[in-house]
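Two complexes come next, and they have one chain in common, subunit A, joined by subunit B in the first and subunit C in the second.
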Partner chain A sequence: MSLGSKEVVVNGPKVSFEIFGLKITETVVLSWVVMAFIIGLVLFLTHNMSKTNPSKKQILAEWIVQTMNGMVKDSMGSRNLVYAPYMATIFSFSICGSLISVLGLRPVTGDFSVTLTWALMTFFMIQYAKIRNDGVLGYIVGFSKPIALLTPINVLSELATPVSMSIRHFGNVASGIVITQLLYYALTALSNAVGLHTFPLFTIGIPAVLSVYFDLFTGFMQAFIFTMLTMANVGAAYPEEE
Partner chain B sequence: MEKAIVLAASAVGAGLAAIAGIGPGIGEGFAVGKACEAIGRQPESSGAVTRTMFIGCAVAESTGIYGLVIALILMFANPFLGKL
Partner chain C sequence: MNEYLSFLSIDYGTIILVLINTLILFLVIKHFLFGRVNKIIEERQADVSNTYAEADKSMAHAKELETNYNELLSNARDESAEIVKNATQKAQVRSDEIISNAKAEASGIISRANDDIEREKQRAMSEMKNEISGIAMMMAEKIIQKEINQKDHEALINDFIENVGDDVWQQK
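Take a look at the complex of A and B:
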């Protein structure tokens, strides 16, 4: 797409380097950075814990664990409390992966491979929970309920879950990337039009205001929604016994 | 010439795909309005109402996001140009 004389290019993640012909993209490298950051943060928070004299960081760590456990218990039932660490992992990874764009890096979640991977993990967890709840035979029979005619639709709706979850997260983050980039081009063009060729004055400050919505709000919201939808779907597949 | 036609049609298609935003716009506005009503009636349940509303909004939003993804593909990764 071209805007005026300048070509507007929105690229996918760049290939950083190759190992034995395996292309390691920017996304993979940045997700290593995010993982290292989360592991470091968790190790820092849980370092030197004590029962009698808890420090401030220990209280923060306990609050995080309790909040996550409470959320899982509320939406999935106490039978599914075993999923709490997974949900916390997805939540923290998604938040840090999206908020990395505040540092001017490409958000990890702006790559469809990442969100599709998470959505596929959710998909297999749902299927596993269903099989655990109904048994193998009940799981297969469950597709032809309430009548056998609806079997294709049931299968399709099952397959639509990971697609919609991954596209939702990817689309929100990627649209933020594209709009920010277009805004930079437009503001540079505006600066040029006013006659500030050497120094694009308008690109200072104005993108930061929009970044509050596209980076902070969207990042938090999508991480929360992805986690909540995973919890709701898996919880519905393996409900609390009456 | 062919390329120009394909590019023009893709641009029009991208614009048409963005019309998908109408549905989620109406739906989310309706959901938020109802949530405001519910909070007005029962202010003590505002936390749960807000949380549920955001999830519902996100689910309603997905159709709009599908349209957006199609528009983005047509603009930046046009599959039809390779078929010329």
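Take a look at the complex of A and C:
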């Protein structure tokens, strides 16, 4: 892309370093940062917990756990309560991975490999839940229902779930990256046009307003949607016994 | 020069590392956040239910004690009523006894007095008989002017006095 004389470049994740030929990208490094943050937060919140006299951070930890348990119980049924920690993991990883862009870093979720990984995990969890619910034979036969003619469509729809989930999440965050980048270029060009070559005035403030939508709102929304879809799909594959 | 992956890329290395990262984060969250918090919440719930159970037990105990005390109280009331009744009865019996004793004593005194009176009367009568027989003897002596042989005529005089009898002396 080119805007005036300047080339507009929107890159993928940078390769930070290589170990034994394995390319460690910016995404992975930042995911370690995010992990360290979440693990630190978890250890801080659950440090020195008391049964009778909970501190404010303990109340927050209990609120998080109970809210997560409540959501999982509501959307998946109480026999799927074991999934609650996983949902909390995906939600916190996704939201922190998106919100890291507030610090001016590349969002972890803006890498298709990341959202694809999570979507594949969801996919395999759905298949496992279905097999657990219907048995191996029932699982296979289940694709030819209600009529055998629909088998290819059933398989396709099954495969579509992780694809749509991963692309939705990636697309929302990535579009934020692209638009922020474009806006930055545009505002710089505007600053140049009014003669502020040395100091691009318009790049201050305006991107921050948009970042509230693209980083905060989208980051939260997509984490929520991804987690809810995982819960709904896995819960539907292994429903509450009647 | 920095190396970049393409904007929309699937990088297997990233996938594997993110998978591992996600699993590590999952284990940490499961163990440290959910494990610890759920344990605390369970312990607290156990405490609460224990407290409730204790309270129920105490309540039952209190109820039991209350019924016991009520029973004891009513027993005591019955007992006191019994005691009062017994005392009243005993007092009645005692007073009856005293009264009857007094009556018996009084009647004894009266009968003794009657006996005394009787004895006095007899004594007086026999004295009077002797006096009268003496007087009669003297009168007869004066009348017939001779000495009456007391020995000979005693039977006669006695007969006389007997004949005069109680009716004459007692003046009924």
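To be clear about the criterion, the second predicted complex is superposed on the first by the 242 of 242 C-alpha atoms of A that agree within 3 Å, B and C clash if a C-alpha of one lies under 4 Å from a C-alpha of the other, contacts with A are read in each partner's own complex, and residues count from 1 in each chain.
The rule is short, and it goes like this: a contact is a pair of C-beta atoms (placed from the backbone, for glycine too) under 8 Å apart; a residue touches a chain by one contact, two chains touch by 3 or more.
Every value quoted in this text rests on a predicted model; they were computed, and no experiment measured them.
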**OP:** Have a look at subunit B and subunit C on subunit A after the superposition and call it: clash or fit.
**Re:** fit
Original post:
When the two structures are overlaid on chain A, which partner does A:L216 contact: first (subunit B), second (subunit C), both, or neither?
Top reply: neither
Original post:
Which partner does A:S92 reach: the first (subunit B), the second (subunit C), both, or neither?
Top reply: second
Original post:
Does the superposition put A:I206 against subunit B (first), subunit C (second), both, or neither?
Top reply: neither
**OP:** Please name the chain, subunit B or subunit C, that touches the greater number of residues in subunit A.
**Re:** C
Original post:
Looking at the overlay, what does A:M125 touch: subunit B (first), subunit C (second), both, or neither?
Top reply: neither
Subject >> subunit B, subunit C and vertex subunit A (Cα centres) - angle in steps of 10° >> reply: 120
**OP:** Tell me which partner A:L229 touches in the superposition: subunit B (first), subunit C (second), both or neither.
**Re:** first
**OP:** Please indicate which partner A:R168 is in contact with in the superposed arrangement: first for subunit B, second for subunit C, both, or neither.
**Re:** first
Original post:
Across all Cα pairs of subunit B and subunit C, what is the smallest distance in the superposition, given in whole Å?
Top reply: 7
Original post:
Do any residues of subunit A touch both subunit B and subunit C, and if so, which are they?
Top reply: 10, 170, 174
**OP:** Note which residues of subunit C are touching subunit A in the complex, please.
**Re:** 2-11, 13-15, 17-19, 21-22, 24-26, 28-30, 32-34, 36-38, 40-41, 43-44, 47
**OP:** Show which residues of subunit B lie in contact with subunit A when the two form their complex.
**Re:** 51, 54-55, 58-59, 61-62, 65-66, 68-69, 72, 75-76
Original post:
Residues of subunit A touching subunit C in their complex?
Top reply: 10-15, 22-25, 27-28, 31-32, 35, 38-39, 42-43, 45-46, 49-52, 54, 58, 61-62, 64-66, 68, 84-86, 88-90, 92-93, 111-114, 116-118, 120-121, 170, 174
Subject >> Contact footprint of subunit B on subunit A as seen in their complex >> reply: 1, 10, 164, 167-168, 170-172, 174-175, 178, 221-222, 224-225, 228-229, 232
